[in-house]
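Both of the next two complexes hold subunit A, though its partner changes from subunit B to subunit C.
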Partner chain A sequence: MSKIISVHSFRGGTGKSNTTANLAALFASAGLRVGVIDTDIQSPGIHVLFGLDADKVEPSLNDYLWGKCSIAQAAHDVTANLGVPISGKVFLVPSSIRAGEIARVLREGYDVGLLNDGVNDLVTDLNLDIALIDTHPGMNEETLLSISISDALVIILRPDMQDYQGTAVTVDVARKLEVPTMVLMVNKVPAVYNTADVRARVEDAYKCEVAAALPHSDELMALASSGIFALRYPNNPLTAGLKTLVARLLQ
Partner chain B sequence: MQAEQGRVLVVLDNQLRRARLRRQIEESGFAVSSTGSTDEAATLVRGEEPDVVVIDACAAPEGAAGLLQFMQREPTSATIPVIVLAPDGDSDMVQRCLDAGAEDFLYEPYSASTLKAQVRDYVAISSRRRQDLRRSERENLLKLESDVQIARKIQESFLPGELPQPAGWEIAARFHPAREVAGDFYDSFQLTQGRRVALVIADVCDKGVGAALFMALFRSLYRAYSQQNYSMRWTSVMDEGFTRGEGGASARKRLAPQTGTVALKNAMDLTNDFIVRNHADANMFATTFFAVLDPATVQLNYVNGGHNPPVLIGPDGIKERLKATGPAPGVLPDVDYRLGQAQMEPGDILFAFTDGVTDAKNPAGQLFTEKRMLALIEPPAESALALLDRVDDALRAHISTAVQFDDITMLAARRSPQ
Partner chain C sequence: MLCTVIAIVLAVALTAIGYFQAAAGLSEQADREIEADAHLVETTIDDWHQQRLAALALGAIPTAVVHVAEGGDGASMSDHAEALAVLSSIEQRNPDTESVGVMDSRGTFVLDVVPGTVGTSGKQYDFFQQAMLGREFISGVTISPITHKPSLYHSVPIRNTADTVVGVLRARSSLTTLTQVVNAAAGRVGAGADGVLLDAHGLVIANTLEQGWLMRPTVALGVAVEASLIEGSVWGTSGTAPPALADTELASAIGVKRPTVFGWTHKGIAYRALAMPLIQTDWTYVSALPFDTFQAAARDLLRLAIIAALVGIGVAIAAGALIARRLSRPLLRLTRATRLMEHSQLSNEQATALAETPDNDEIAELSRVFGRMALEVIQREVGLRSQVQVLTVLIDEAKRGKEVAEITESEYFQSLAQRSKEIRARRPPKPAA
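Up next, the complex of A and B:
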């Protein structure tokens, strides 16, 4: 049974795309066929983590939306770009980084039903075990759609007052829609905080399971999205936290 | 019939005086009818339409006033000049008659030459009045005819020139406008960069230029709103009332649209709101069936806004009627149209129609009826065109010489057999 997992955060800068890319790599390392779709059309970025240069991003999700290709044709096999032997597969459907393409989407809009049909078609056509949807922060049409079609929702937040308030909104919406599985991930926890305490307090505040509470990592910052952290630093505590999240999502 | 010079009606009790008056008027070259009673006079006014009436004020049984009142009731007789002969000096009697509609009078005893002059003048006036009446009637008819032409032209310009023919499908239509435009229309166009095809059939209430204009408006709004991809459905989730009966799996399904269904909902919901908000006074609505088909798959999504349920026909006969999923657009505010779904297997035909088909009357006034239409479309057809021809031929035979009162519109889409 394939799973659709959405990774979401109410505000930007929480580490969503990095987390999504790392989750994809870890799922694939376990032998699974994974698809990643960057639905953040306004500010795409995850393709960088998978080693796709700006000029190598075609065909993209945008081309699929304009009817120029099928969604499977817009999926790039990036498994080799991960740099280590992987028993599974990672396919990425990137969003175009060309300003003209972004402007066109914003100007003309697109039938959001295409995203719904697209995710389903991708799972079928590429025989995927997992489809990960990377979303634009905040509440918007694409977020709502991804929440509506997902088997699991991961909401990422930093231990920051702005994130706390915003996350309450997303949790509320996801609850109304009765998403089958919903977990929180607290990210970039400062070294001076007690991670266990943070985890307990967040769980209590939202009455929602916190699947992982990850420390802020200078090493990850230094990597600067040039690669997948979990593959580069397999024994780092941060990687251990991500593996806990992976295990939780595979339940 | 009218004598060349004119016809005068004379109404006098006294036989001798009547005969004398008749002679005097005949000497002027006019044809004369005469009677001693106002009752008979009324009949003669109706039947012969004289140019002038000369009547004795005291003619039995009702007097001139009685006949005058009778004549004033009809527009054709109201314009006929009436000359009253009154007893000398009886100005009250004269006043009463003038108030009742008489044009002129003569006191007895009158001079023959004065009488003849008056009759001659009033015959001329009467003839001019008749000509004016005929001219304004002609102008009204021309205006009506021109209105019909205008309405017809508007209607024609808003019907599609060519229907899309996506691969694996055949789309055909038949349209016979009524003598007085009745506001039916059909439409078919591409959506979502050609991945979907819209099929629309609608019936605007009312007739004439008004219906044609609203047909143009509805058709334009449907096209414009269905091209609009922008949607703010996510905001509804933030509404206070969202949880009431709206949550869970059903809400998730509603918020995860298939391709083309946002266009469909936008077309119907927004058009309805526009008409209700901007044209509430006109009380216009249009029953509408709007379907979106995906040429590559079996599935058809549709909204039926109060329209005759289209028929889905399979190889073994009628499979389904696509019933209403909401009210006719233009009536109620804030309608959230439900989407219906149908499966179209290879060889299936979707047949949509308007009232003009089922309500078509034959010269005896009998309706074509839905029952007959259904019996006609049920047997297999080798193409959508063939099916439409079948119904068209039967309709033409049924209507034969009767006047066609309502627009006849039919739209058919057939999925090619594999």
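Up next, the complex of A and C:
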């Protein structure tokens, strides 16, 4: 059975797109066919991590939502862009980076029901094992829909006062949508903290499993989204945390 | 370690330089002293000869002496008496003089303080022949046929009023004073100082080393020379020359024209020697001083310098160790602290100790700065760790419930919640691979 996984955070800057891209690469490294949909139509960015040039980001999700193409036609095979031999596949449905199209979405909105159909069609058309939805931060109709159609939800937060309150709301809302699997991932944990202690405290605070507590990484910062960290630094402790999350999601 | 090595090298080098300079200086000083001593002996011996010649020259002037030389037995009784008085006066006033006599032009002794000499001939002797040529003469040392002891002769011409050489006034002297003069040099300029007086053929006239050297040649004489000396009865009536000393080093002093320094070894003792030519004769006086004597000061200096160098090296090592300890200890402590800090293992107490480092040098200042910085980092880390506990607690539950209700009580959410189950249930199965 194919699995739809949403990667969400209440606030931006938590590392959602980076986490989604790394999860996709690690799933594909395990031989799976993975699709990534960038539903952050207002501020698309995950295509950069997959090495997709700006002038090649079309057709896009935007084109699908406006009926210009099928979802499969908007899917780009970015497996070769990962730079290492991968036994699986990674397909990316990017959002348009054209300012005019972004403005159109903000002005006119779109039928969110198409998003649900599009994800299902993508899974079917490309025979995907995993569909990863990179959501827009915060609670809105699109993110609620993504959560509602997902088999698993990964909520990313930082050990930051600004994230705690909103994450608590997201967790409660997701519970009411009865997401089959919901895990937290604490990202960018400062080196002075004991990650195991942070994990335990967050789990206790939200009464929700913390699948991974990832340390702040200077190497990740230095990589600056120019590639997939887990493939570039396979032995890094951060990569080990991501693999733990992958294993949990595959259960 | 480097400073110690440098100190040792410098100490050795300076000690060696000092020793060699001292040795050279002492050699120069020894040369000056043995030259001065040799000059003293040379002057004394030359004066001794000069005094005798002068006495004879005066003695050859009186008319009575001239008459005796011219007339021989034909001279008057008063001339004989007056001339004998002159000869006696010469004998008495000049130590070592054993005989003073007047020879006529045929070489016959016509008057002498030693009566037995009168009537004997001495025409074959060089002291007669040279004086007859008008020259003042000093003979070499020979064994006297009269005393059978080493003697030498001084002679001067006796001239008449027409300045014609009519006879010879000759004196025979022993070597007592000369021997005493040479013997007095023993040990005078330093312990073991010795002297040797050589004649023109290298025969030893006097010396302070060996009694058996008297009249022996330093090295073997040439056949002709030896034959000539034998004929001249240099060694008396034995008719043979004594064995040579075979001392080639000493022989290098024979006939030198100017003061000459040379090395000489006798019975294992190494000498620094100086050959001094005499002026009145072709003799040479050798003044010698053992190396050990004048180098002893240099060796003493070397000994003291070595002791001083060892003390200096010891002080340098101690000072170097003290300085290194003073420098390296704080540096090692600081380096250890940085390593601990790198691995987050530096304790608050260690950082505090660094921040309170005493002293005013640069390393102490660096330690204090690092200590203060480390304290700030440690305290910040402690603060952060305590903040995690605080942050996880600060969730406004009332606000949380309100915000959740706002979302979940909306129509959209209600509809979505209803449909979500249907959406998941209607998802088509994954096509077969």
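Methods note: the second predicted complex is superposed on the first by the 251 of 251 C-alpha atoms of A that agree within 3 Å, B and C clash if a C-alpha of one lies under 4 Å from a C-alpha of the other, contacts with A are read in each partner's own complex, and residues count from 1 in each chain.
As a working rule, contacts are C-beta pairs under 8 Å (C-beta built on N, C-alpha and C of every residue); 3 or more make two chains touch, one makes a residue touch a chain.
Since the model is a prediction, treat every value here as computed from it, not as a measurement.
Trainee: After aligning the two structures on subunit A, examine subunit B and subunit C and state clash or fit.
Mentor: clash
Trainee: May I ask you to decide whether A:N116 touches subunit B, subunit C, both, or neither, giving the answer as first, second, both or neither?
Mentor: Both partners.
Trainee: Between subunit B (first) and subunit C (second), which, if any, makes contact with A:G67: first, second, both or neither?
Mentor: first
Trainee: Based on the superposed arrangement, let me know which partner A:K207 touches: subunit B (first), subunit C (second), both, or neither?
Mentor: So A:K207 meets neither subunit B nor subunit C here.
Trainee: Report the partner of subunit A that touches more of its residues: subunit B or subunit C.
Mentor: Per-residue touch count on subunit A favours C.
Trainee: Give one of first, second, both or neither to describe whether A:S148 is in contact with subunit B, with subunit C, with both, or with none.
Mentor: In the superposition, A:S148 contacts both subunit B and subunit C.
Trainee: For A:N127 in the superposed arrangement: first (subunit B), second (subunit C), both or neither?
Mentor: Only subunit C; A:N127 stays clear of subunit B.
Trainee: Tell me which partner A:E178 touches in the superposition: subunit B (first), subunit C (second), both or neither.
Mentor: A:E178 sits against subunit B and subunit C alike.
Trainee: Should A:R107 be classified as contacting the first partner (subunit B), the second (subunit C), both, or neither?
Mentor: Neither subunit B nor subunit C is touched by A:R107.
Trainee: Subunit A residues touched by both subunit B and subunit C?
Mentor: 116, 139, 141, 144-145, 148-149, 173, 176-178
Trainee: Over in the complex, which subunit B residues touch subunit A? Could you list them?
Mentor: 191-195, 228-234, 237-238, 242-243, 246-249, 251-253, 255-263
Trainee: Flag every residue of subunit C that touches subunit A in the complex, lowest number first.
Mentor: Those residues of subunit C that touch subunit A are 380-381, 384-385, 388-389, 391-396, 399-400, 403-404, 407-408, 412-413, 416-417, 419-421, 423-424, 427-431, 433.
Trainee: In the complex of these two chains, what residues of subunit A are touching subunit B?
Mentor: Residue positions touching the partner: 66-67, 108-114, 116-117, 139-141, 143-145, 147-149, 173, 176-179.
Trainee: State the interface residues of subunit A toward subunit C in the complex, per the touch definition above.
Mentor: 1-2, 4, 116, 120, 123-124, 127-129, 139, 141, 144-145, 148-149, 151, 159, 161, 164-165, 168-169, 172-173, 176-178, 180, 190, 192-194, 197-198, 201-202, 204-205
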